[in-house]
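This structure is in structure tokens; I'll ask about it shortly.
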Amino acid sequence: MQRIGVFVCHCGSNIAATVDVSKVAEMALMEPGVAHAEDYQYMCSEAGQAKIAAAIQEKGLTGIVVCSCSPRMHEATFRKAAERAGLNPYMVEIANIREHCSWIHKDMEEATKKAVILMRAAVAKVNLNTPLQAGESRVTKRALVIGGGIAGIQTALDIADAGYEVDIVEKTPSIGGRMSQLDKTFPTLDCSACILTPKMVEASAHEKITIYTYSEVEKVSGFVGDFTVDIRRKARSVDMNKCTGCGVCQEKCPSKKAPSEFNRGLNTRSAIYTPFAQAIPNVPVIDREACIKFRTGKCGVCSKVCQAGAIDYEQKDEIITEKYGAIVVATGFDTIKLDRYDEYAYSQSKDVITSLELERVMNAAGPTHGHLERLSDGKAPKEIVFIQCVGSRCADDRGKPYCSKICCMYTAKHAMLIRDKYPDVNVTVFYIDVRTPGKNFDEFYRRAVEQYGVNYIKGQVGKVIPKPDGKLLVQGSDLLDNRQILKEADMVVLATAIEPNPDVRKIATMLTASIDTNNFLTEAHAKLRPVESPTAGIFLSGVCQGPKDIPETVAQAGAAAVKAIGLLAKDKLMTNPCTAHSDELLCNGCSSCENVCPYGAITYEDKEVNDHGIRETRRIAVVNNALCQGCGACTVACPSGAMDLQGFSNRQIIAEVDAICR
Amino acid sequence: MPLEKKEFKPKIVAFCCNWCSYAGADLAGSSRLTYPADVKIIRVPCSCRVNPMFILRAFEKGADGVIMCGCHPGDCHYSTGNYYARRRMTLLFSMLDYIGVESGRTRVEWVSAAEGVKFSETMNSFVEKIYSLGENVRLGDLRCKN
Amino acid sequence: MQELINRAKELLADGTVARVLGWKAGDLPYNPEPAYFETAEALEDFVYNGFCGANLSKYMIEASKMEGKTMVCLKPCDTYSFMQLIKEHRVDREKAYIAGVGCKGKLDIEKIRARGIRGIESIEGAELTDDAETLKIQTIYGEKSLAYADGMLERCHVCKGKEHVIFDEQIGESKETKDAERFGEVERIESLSPEEKFSYFQSELGKCIRCNACRNVCPACSCRKCVFDSNKFDSSQKANVDSFEEKMFHIIRAFHVAGRCTDCGECSRVCPQGIPLHLFNRKFIKDIDELYGEYQAGADIDSKAPLTDYTFEDAEPSIVGKRG
Amino acid sequence: MNPGKKQAEMIREISGVNPLKCMKCGKCSATCPSYNEMDIKPHQFVSYVVNEDIESLINSKSLWKCLSCFACVERCPRDVKPGKLIDAARQMVVRKKGQDYLKADEIPELLDPELPQQLLVSAFRRYRR
Amino acid sequence: MYKIAKENLSALFRLIAETYGLYLPVKKAGQTNFAAWSEDAEVDLMTLKTVKSAKDAFFPQSESLYTVKKEGKKMSVEPEALKEQNFVVFGMKACDVRGLEVLDKVFLSEPVDTFYAARRDHGTVVALACHEPEETCFCKVFGVDAANPASDVACFPAGEELYWEALTEKGEALTEAVKSLLAETDEADGVSVEAEKDAIHRMIEKLPYMNLSLEGWNGDVLSEKFDSPLWEELYKPCLACGTCTFVCPTCQCYDIKDYTAGNSVSRYRCWDSCMYSDFTMMAHGNNRTSQMQRFRQRFMHKLVYYPANNDGMYSCTGCGRCVEKCPSALNIVKVIKAFQNQGGEK
């Protein structure tokens, strides 16, 4: 029989205002096995923990129940406190009477009743708890960064600078990401390339960093400290070791009609290409779908012109398997598709473009070589309209419910840059709200208005009508003047919502990292653990976690790196002792459990057993505790009940069920 | 029928996986999104830990409704747990329906850690359903009824 | 039958097998019992007729532990069970010499009794060599006759086919017996209202005496120790004061064999109270077929069992209420 | 309960719209083909309902100027649907006058070659609800 | 002796049920078992053998013994009330009546089983002579007369009449209570009852098991039988289910279990089967570890241990239920015969 102590926390008034805490403690004393019960203001405080320790020692408690906030909050705290007092930390159970009770119920009587039942369930469980010992697992001192944009580069640099090996896996032929596509950056108007390129070079030159471009993560197995990852290196058709990056092949390539991804499809590129001049690595790839050699078997021009003999049409995809201790996701974002926003005539007129397309138009390396011109006829625009919140803050399924966060600022940037370079161009911005929280952000926006005379109109655009003469008729509302505006424009720029890179879902599934309804990766805690995934060993960097601008991305990238470094710096990790265990006398050896184990933690042995005097050799399931993560899938697959989960045993859960239904 | 009809207060057991749904319930709590106190949550590591025996046990001991919540398919912390749970529960619930237990008494809902609102809405609608179905008289051991 | 005995004698004589697992004639015309034969003389009692309904594959779990090979007589449907047991590592293929025996449908003495036939002295027409058309039954109350099909076990009316899915040799003729829809009765129950469903199963399960015959005969229930016999779940295997335990037992039993049950029908054959227990298993089979694609347990060695498999697009549990 | 509040609740009920979801972007007014004819503009419908000033809405010109083209309903990013609000207000007036919905088979009789097509469509839309 | 027209039986049942509890064979979901009578119950007197014997009426498959209630930290024990209402079991056959005699020797000898004793005190058995004995019957082997059940009231069906004869005081009392529906009989009635009995006896002689001999089972045969290698052969097909024990009218073993229902624990007993692997399981394990031992136990008990302790009375009544119901076609007859054949050789 256990001697259980029950500790009821007031949590200030968080619990005590709706739950009669002393009544809960009083009722606890009625429960079988309960030898001590008390309530206190803040159980998690030092004084509260001291009370627990004192009770454990004075009353010789063998298990404790803390009725407090969610175990996700303080289970670890109380386990540590119990351990310090000499109790096995797994003899602690938490009854969640805050998040699951006091915070959601208003009626004191009702909430108290529920709190008592939750306490009983926890007591019933502790009655069946057994002391568990955590095992140890090793840490592979190498990190993987998925995504080679500014977030991934920064994280990799920070981890590498701390002395750990880092691999970057980038899907496209070059690192650089979205930032490489930008022209200038707010709020200081630095040239994007000027600040990014040095980082790219630094990363590629860093002795601790290995960059796999044109590569994708194929398979992830293992767990924190010991992940095994398969990386697919797609066939580049160019030997990276031989290529000198002279660029002749690209010049001579007869197939030049493939849309340029880098320029958002606004112009074309050759079939053998590097996405942009500063690409790293500066080794082209052959787009096999566009390449004449691959399509028809004839051509081979690039191979002929390549002095280095680097062209290799026979190259095949290659799978590299590598072990990592930590994985950082930095998969970034893309703009949403606009096919469901017909009212803005994006698909009807070449002169309606997204802001990211405008970045390319404004960029010297872009399709117009940096000249602001209409993509339909090349004429210089005189009247430009910006529309904000296209697809952001949208309650229906056409767009995204969240604010994309960066659009207000980059629109101000664009407006300002245009007015600066082309003072005769009128710029109008239709906005719903202008959101500028950030250092020097509002000042930046005000400059656009006050210094550059950008015309900000509070109101949304209802539709954009392409006119036969090539002009665009913008119909919007001016809510402050309470009038409807019809405005002729030469160009319309849409501040298109951003969304997580669509590949992130696949990656999250491989990593078993959770993802929210908008495909942003979920952080372990919204406030306190913003760069960690709830899955141990997985960290989040950049927009994959939520919309953010460059400074924030870089800051988060650094934070993710620190978390990863903190993990890699450890030699060993304590493993979760709540693992599955097979009762060899009940095991049939039928393999049902093995078939559902996601970690391959179950194997079979022919073992001699002594079943109440009957000695025979049986095929028996054996669980590898280092691999088992304690999901419990096997326990239900097992028909005989031989497989059970420590810490969440069948009898413990049944005891909870019984206590709740009683 | 006794003259004084006791007010029906259902007993509802909710199995929540530790990583998504339990966290979703926490979020509902910290967002102060209310749902009836009839719901009591049992934390399990994963929805795949929920044995049909637990569900029948709950009914045996007098539960009026049992709901299981897990991560959305594809988001399981253990990669595949909820897929197995989904098949198991589908078959179990179908069997219960087959023997004449109202299908509304059992439910599976996928609730992520970010879906406090969904958790609260789910519990509200489930409890409402159980109130409309009334006391569970088809499953359950009579000795547990008083 | 003589062919089978001759073959068994040969295999015993040349040492291929150490014993033969078949049926021994009973003391009544209809009660042969499963038995091992180790000598040619013992085989004099060997019998294989319409009353040899028992599925011998489960006995092979024990026989696999014995010295030498066992020649086991398996009917077409029994071979599915055997295959499933191989898949679950419960029997040793190398220890079995499988004689796939022909089948013309197996007889159910309870069905014959239900026709008011009692005081049975002898039965003609049940031998494997007979054409399985009519049974002539001599009783102390006079001679009765019965169409063979009317005396058949339910499972034979929905026979999976007379092909052995695994065998070393095939002996004896078979005759197609399927004349009913496998899921007909399940569909009928599904179409009832919840009240009707409940009262149907209430009255059927109300008869259960927890004798465990269904479980113990079931080749899929091959656990060394059943959960209802151990204290792992605090669940009782014996009769209880309230009837809930019976429901729990039968639902869980069906669940534990879901995706593994070959629908051999032994559970219903042996139930002393005539509870159509196969309706539980068949409901799961029907659901599995409909929701996860046609699946026949024991049909092959490699397929993944439905409950240890999944697809991303699997039906949600809410489909239960929607299907109506 | 003050009459405005009751009316506002009725409008919410008939329309099925939650006006509190409005983020005041003005896209409805930007879309409206009858904008210039209206005294109360589409985006203002929402605030009139929020402020429970239904009387003004009922007495406005806008009530009868709305074509029920539902462009605002289509385009509204917040699912607020001002067109449905004004439609609900119109129905309140119609109900107040003791009339009911049009019956489909009554419509042919009412047809007049001069009648704008839009009105017919509008009538059908309301009939459908 | 009295008589009642068979068509008036439902009136009789109604009348009995006014003052007595009434159990009789009722067909439910295709199977006939003893059950409480009710207006809409489908009474089935035609089926010779109910699936389970009538043992349930006196020794239910499961019954609560007492309940421990808990309030706070206080415990209270509430014993289950003993049977107080008089009841009638109608339609038992001679073999089942003999079954009660076997149970009496166990439960009514010291220490008396009060639950069983209370039921025996309050129960009146109205037995029915067999009409059409079946091939599985062998009651005669154990000296049971299927045509003359030894009960409180014996009933003999003949033609359209059911003849009624009270044999004990309890039987007289019941007869008194239902007299309004009973008619006096004359000599001719007596003749037709006797003719019916003769017919039954003649049929019984034709049954295949009639020549079953119990020779070799009486006397001190314990170690000889116990050590016989035959068991090793006989048990092989046994599935270790409890069918034979649960349909048997004389099996009397039970297990005691606790059921936790929230704030109370009820202790109940339920039939157990010596065929089960956990029968008489104790902390150290099981005293019979193999199925052969369990199998042997059942038949040794019926044919050797019980008669040795009860003046030679076998604890089998020849009802033949195990012959009918065993999934593997095993039964006590096969066991007896196996030893008979072997005995001849030795």
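Note that the chains are named A, B, C, D and E in the order they appear, and that numbering of residues resets to 1 at the start of each chain.
The definition used in the following text is that contacts are C-beta pairs under 8 Å (C-beta built on N, C-alpha and C of every residue); 3 or more make two chains touch, one makes a residue touch a chain.
Just so we're clear, the structure is a prediction, and the values are computed from it rather than from any experiment.
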Seminar exercise, completed: Per the touch definition, the chains contacting both subunit D and subunit E are A
Problem set entry | Minimal step count in the chain contact network, subunit A to subunit D | 1
Exercise. What chains touch subunit C and also subunit E?
Worked result: A, B
Seminar exercise, completed: Ranking chains by how close their C-alpha centroid sits to the total C-alpha centroid puts first chain B
Seminar exercise, completed: Max Cα-centre separation from subunit E goes to chain D
Seminar exercise, completed: By Cα centroid distance, the chain farthest from subunit C is D
Seminar exercise, completed: When A-C and A-B are ranked by contacting C-beta pairs, first comes A-B
For this session: Could you give the separation in Å between the centres of subunit B and subunit E, each centre being the mean of its C-alpha atoms?
Result: 46
Exercise. From the C-alpha centre of subunit A to that of subunit E, how far is it in Å?
Worked result: 71
Exercise. Could you state the distance in Å from the CA-based centre of subunit C to that of subunit D?
Worked result: 69
For this session: Please list all residues of subunit E that touch 2 or more other chains.
Result: 259, 262, 266
Seminar exercise, completed: Residues of subunit B that touch two or more other chains sit at 51-53, 57, 61-62, 74, 80, 84, 88, 141, 143-144
For this session: Could you please write down every pair of chains that are in touch?
Result: A-B, A-C, A-D, A-E, B-C, B-E, C-E
Exercise. In their shared complex, at which residues does subunit C touch subunit A?
Worked result: 65, 88-90, 222-227, 230, 232-234, 256-257, 304-305, 307-309
For this session: Please give the residue numbers of subunit C that touch subunit E in the complex, ascending.
Result: 26-28, 31-36, 54, 59, 109, 118-121, 139-141, 203-204, 206-207, 209-213, 215-217, 225, 229, 236-241, 266, 269-270, 272-275
Exercise. Which bits of subunit A are touching subunit B when the two form their complex?
Worked result: 70-73, 96, 98-101, 103-107, 110-111, 113-114, 117-118, 121, 505, 508-509, 512, 514-517, 522, 534-535, 578, 596, 598-599, 629-633, 635-637, 645, 648, 650, 653-654, 656-658, 660-662
Exercise. Once bound in the complex, which stretches of subunit A touch subunit E?
Worked result: 29-30, 612-614, 658, 661-662
Exercise. Which subunit D residues qualify as touching subunit A in the complex?
Worked result: 21, 23-32, 35-36, 41, 43-44, 71, 75-79
